[in-house]
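Notes follow once the structure below has been shown.
Labels for the chains are A, B, C and D, by order of writing; each one numbers its residues from 1.
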């Protein structure tokens, strides 16, 4: 093991990659099997089916062998044809970024953009769809992680379905941390992965694809093949009858298997509830510290990430460095447009436990003290604790 | 853990994915660290530098976060500009396949193709370069795995360098199993990965890029960015100063670290020697079984894979199935053009040990017996053993 | 990880410790839980019950937290009172050794001893019990590992039961490798462990105790308490109601859990069958090599260990060293009285697979060649293969 | 993996078994090697020498293959002869308990006993040694874990050395968490283990033995042999020349190797400092919660365990259950005499990090609130934080 002079963090409270469940990291040490062997083929099919169970869809889930940013690029490349007008919904860095990919493949991209601490309103979408009946594909991010905000994809999805367009949803950092599934939001393509709320490692993408979306890709003359950017290459890869287009990431599939087991064994509702409780306790605590939530309204704050404004007069870098130095806890910066403006406390997977709200509040509070701020950490702990105790058991 | 009705193989003797060293699978169970944390950044730099040490180059190696087939596609996409004439050398399925990627990006692809059991001759390359002085990029596969054959990339590399072209070498399944490094073959882009002779899991690509190749990519107006197909996005990712373009596959990097340690700790020369000895013992054994090597001349047989013709009157499928059923050993089929024509015994990583030549010979021999063939397994074992014992210690 | 200049063995074919199943070593990396926590207490009870299922007894199995040699010492210390006449059956080093422990605690030890390549005959026991009606406890080793021989404990057990004595059986290296359970041999104390045929690590003892044996211990005024040598201290430790007398070996219990799962998931009959087949193939092979089995009759050869005489003119040490050096395979020496006289090839756990009979035969054969012997390895492989293929599937 | 209806704890803050470092649990999944193989023998010697380095002694450390309670019983059995008068120092449950073992083997045991929240005073020992010049062996516990209190073994050790007696020290739960080594306290037998402050699993004992102590055991006609209770059986087991008396717990030795690496790589002084800081922060916090430390004076409170009185009107059981239920954190009960009277927060190994003092204080505080107590958690967090921040970095 490479010795690094920097000490490892003690507790990781980031918005992904996240601390993985030990049962998942153990699973990643399983033997590496040959992808053409009947054992692995049967195993792979089971994992694809188990993922479908977790995603609450019928068909085996599509597993792509790179992290979800790649899966999203591939979804854009495969789905969006040179004939398509795409409506891209941007309420944050990831939504905005998807628009660039869409523009690479689409005939035209129209966009609804809101401030990166706000959400897209269904009526904005309805209005745009009225004005642009030629929109064939709508793309949205459910939880724009760099903002810690949710978009109402369920309502938007119904509008898109009524319009007759296809709906592509990035649920990378919300699925498995709350009650969201492809059918809940009429998603034709729904993208997520094992490395956020499932508490696994990054390195794979999970995708569900509706029959309409497959048909659209088949009609897309520019849809890649023999390429990492192709979804269609992998359409039947779950089946023993089909060869893998290229070598699957065996160890990541082993980890995914365990991640799905962990989620289904514990019970999705139980998992969502502790994500929600942890986030509520954390939000109560950080606000009692005198900090301001980044989301413009608390109801759009994701249960999987608490984003807070960097206090006036301090920088994100100094807060993160001091927190790590004094307490060994680490949290996430913002990203791109939100970098420097906010800090993010992740509530995903194994740290989606109320005690970690207390860890976040006390160590962030202690850090602010160290940096010379007068903060009432006691009030913050009391607020977070009150939320936890009110939840009963 | 998903229970699969198919029994796991007992011994995997495939040409990749391969049985991983236990120390590598253990490493894949290390904690998943946050990619923006100072610990992981320092760790990542160390791994990139350690990879450079193994590859015997100066600059930290480029790590791409998907398996080498993706890395090769990305290399084609990034390096080959619409102005480039590419000479593609095809002595097997992988060489041929690279030509299709090259054609996607190049002005023109010229090709030298030889039968898939033979190698490219340096004089063929010299001749072509004389005829086509406009060739700007030459691409070759060192070990065309689906054929188990080597190409003389050292000699070819010198010709290419003299010509002033760039040389892209796929050494995915030869590097770390024999004495081949970027500088040995004047490679401007040299692609390999942890999942073959390094004995790790598939899921990453290792690339070295010469200054000339970086300059060529910078001059390539079609070079992808914000894309899994971009090499330039990741150019400086090893440095703490640069952000990762997307989330690295943390667990795979942990595994790579251990794979490089295993290789460097044991000593490259020692590792190559046991790959070579195992392959020589295996070739002696299978020939004494009455089987025919696939390579047209034994000197082009790779030390990392022994490819043999499927005996007349039998199919690859029935041999593989019977071998697995009676002995629990599994070997590789051919692929695409070579599927059905040959079988491959891998000598990579932990099974590049002479005893596994005996395992291959005895279980393949026993399988042929089961399928009604008269084979002299005793002679085969004697032949393999003689090679092993002659190696002394 | 400590770097050792000696290379690790490539394949371990010993009579214990054995190569563990990967799923068991993975389980040993589970989190270490606090023994007084309700989770661990519930888990421990489940493991004790699962062990009972495997052992085919009703009561949760007794788990002792040290390897079976310690468990056997503790059984002697706890069961044998100063009033007891013990009949010890010695057909090997372990049987003989148990007599010394018995003598430490008993009023008198009488012994039946046979040559260490032979077995105890039921009629010998019957005769002795007639002559010594005061025998209260009979002790036997089912598989005397240093000899690779079995004793007919089923028949002996019935005689002991009829006599009214207690029967203590050491089944450490036979249980889980063949069809033997406490009730099969009327055992009042039956001792085994996870580190042999269950394919786990050494470090725990599994014991079943009959009601009669518990009663005898309760009447034994010299029965230890507050001691590692006490069985009674641990009698109720499986129950949440009872405290652990001292800290259990948490990681070993995690491993035991996985070992039992592996055994029960695969199916005991299937596991026994592959131990048997491997041993039969191995015995056929080594005899065809011209070697002599150590057991005086093949029917008493254990299906879990093949013991062979060291050929005239060679030493065990030179054979083991040369075999390791040329092939990386390791096998077991004899022990105490049998050291220097025999070598042992283990068929336990993951290497109880027919292919490993071929590994043993070819590498032992090759080693004998290296040491100057004329051996017909081909005939040996043919003999072993014939056994394997005859087993069909 | 056995599914247990009880949820696993989220954070374990117990006084042993403790949460192990991931690198140690990973090491426990290393291959199980054969104990008679040259690789394992060389490895074992290295581990014994590495343990000596950590213990700051010359001779390879003695490794016993069961947890330290067994190691202590064995030390008593081996060292104490029927001719020995033993002075046992009892300031807690473990010290008292050792006296019972001593009484099993000694001619006579004299004892100094103090209340279980106090420490033994050197002058008490001096006085007793004056009165009983025939005392040949003095036995003490450094950190009596069930009380969370330290005894001044350095001063006592000098008195014992001057007296000419042998000194046996139980440092199981202090070594590696603070600056204590055999030579610091003139210990002739010094007992510890990997499962407390080294942050590993329980299951082994580490012992150092002085030449004088070995000589005493050699003169002890009652010293066990061929027994788990024998230290002399294992005296030379570290050496390749000597056979292991019984099978070592291979996986535990693998874990010990990693535990020692973790300790030595980080640097003992650094490890002790974070144990100390965590304990000081925790003590400040729990006192600010209005709780009373169990130790009669804070300066005898161990840096590895904070023991607090169970508040009037509450029971230990209800506190532990409510804390686990609301927050997922678990702490230790008292034991035997101290059970019901105190609760213990462990600061050992990976949780000897200041942030866990905050976890302990906030979750214990929240629990008291849940149970109807008025506690000022804010003041407690402030007190703990002040200690942490004062430590600077």
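Of note:
The rule is short, and it goes like this: a contact is a pair of C-beta atoms (placed from the backbone, for glycine too) under 8 Å apart; a residue touches a chain by one contact, two chains touch by 3 or more.
Everything numeric in this text was worked out from a predicted model, so none of it was measured.
Counting every residue number used by either copy at the chain A-chain B contact, over half are found in both chains.
Relative to chain A, the chain whose mean Cα position lies farthest away is C. The centroid of the Cα atoms in chain B and the matching centroid in chain C are 44 Å apart.
Look at where the CA atoms of chain C average out and do the same for chain D: the two points lie 34 Å apart.
Centre-to-centre spacing of chain A and chain C amounts to 51 Å, using the average Cα coordinate of each chain. In chain D, 1, 22-23, 25-27, 29-31 are the positions where the chain touches two or more neighbouring chains simultaneously.
If you sketch which chains touch which, every chain touches every other chain without exception. Those residues of chain D that touch chain B in the complex are listed here as 1, 22-23, 26-27, 29-31.
Remark: chain D residues 1-2, 4-9, 12, 14, 16-20, 25-39, 42-43, 46-47, 50, 65-67, 69-70, 73-74, 97, 100-101, 195, 200-203, 226-229, 246-252, 255, 257-258, 261, 324, 330, 332-333 touch chain C in the complex.
Every residue of chain D that touches chain A in the complex is listed here, in rising order: 1, 3, 10-11, 22-23, 25-26, 29, 265, 325-329, 353-355, 358-359, 362-363, 365-366, 369-370, 376-379, 381-382, 385, 388-389, 393.
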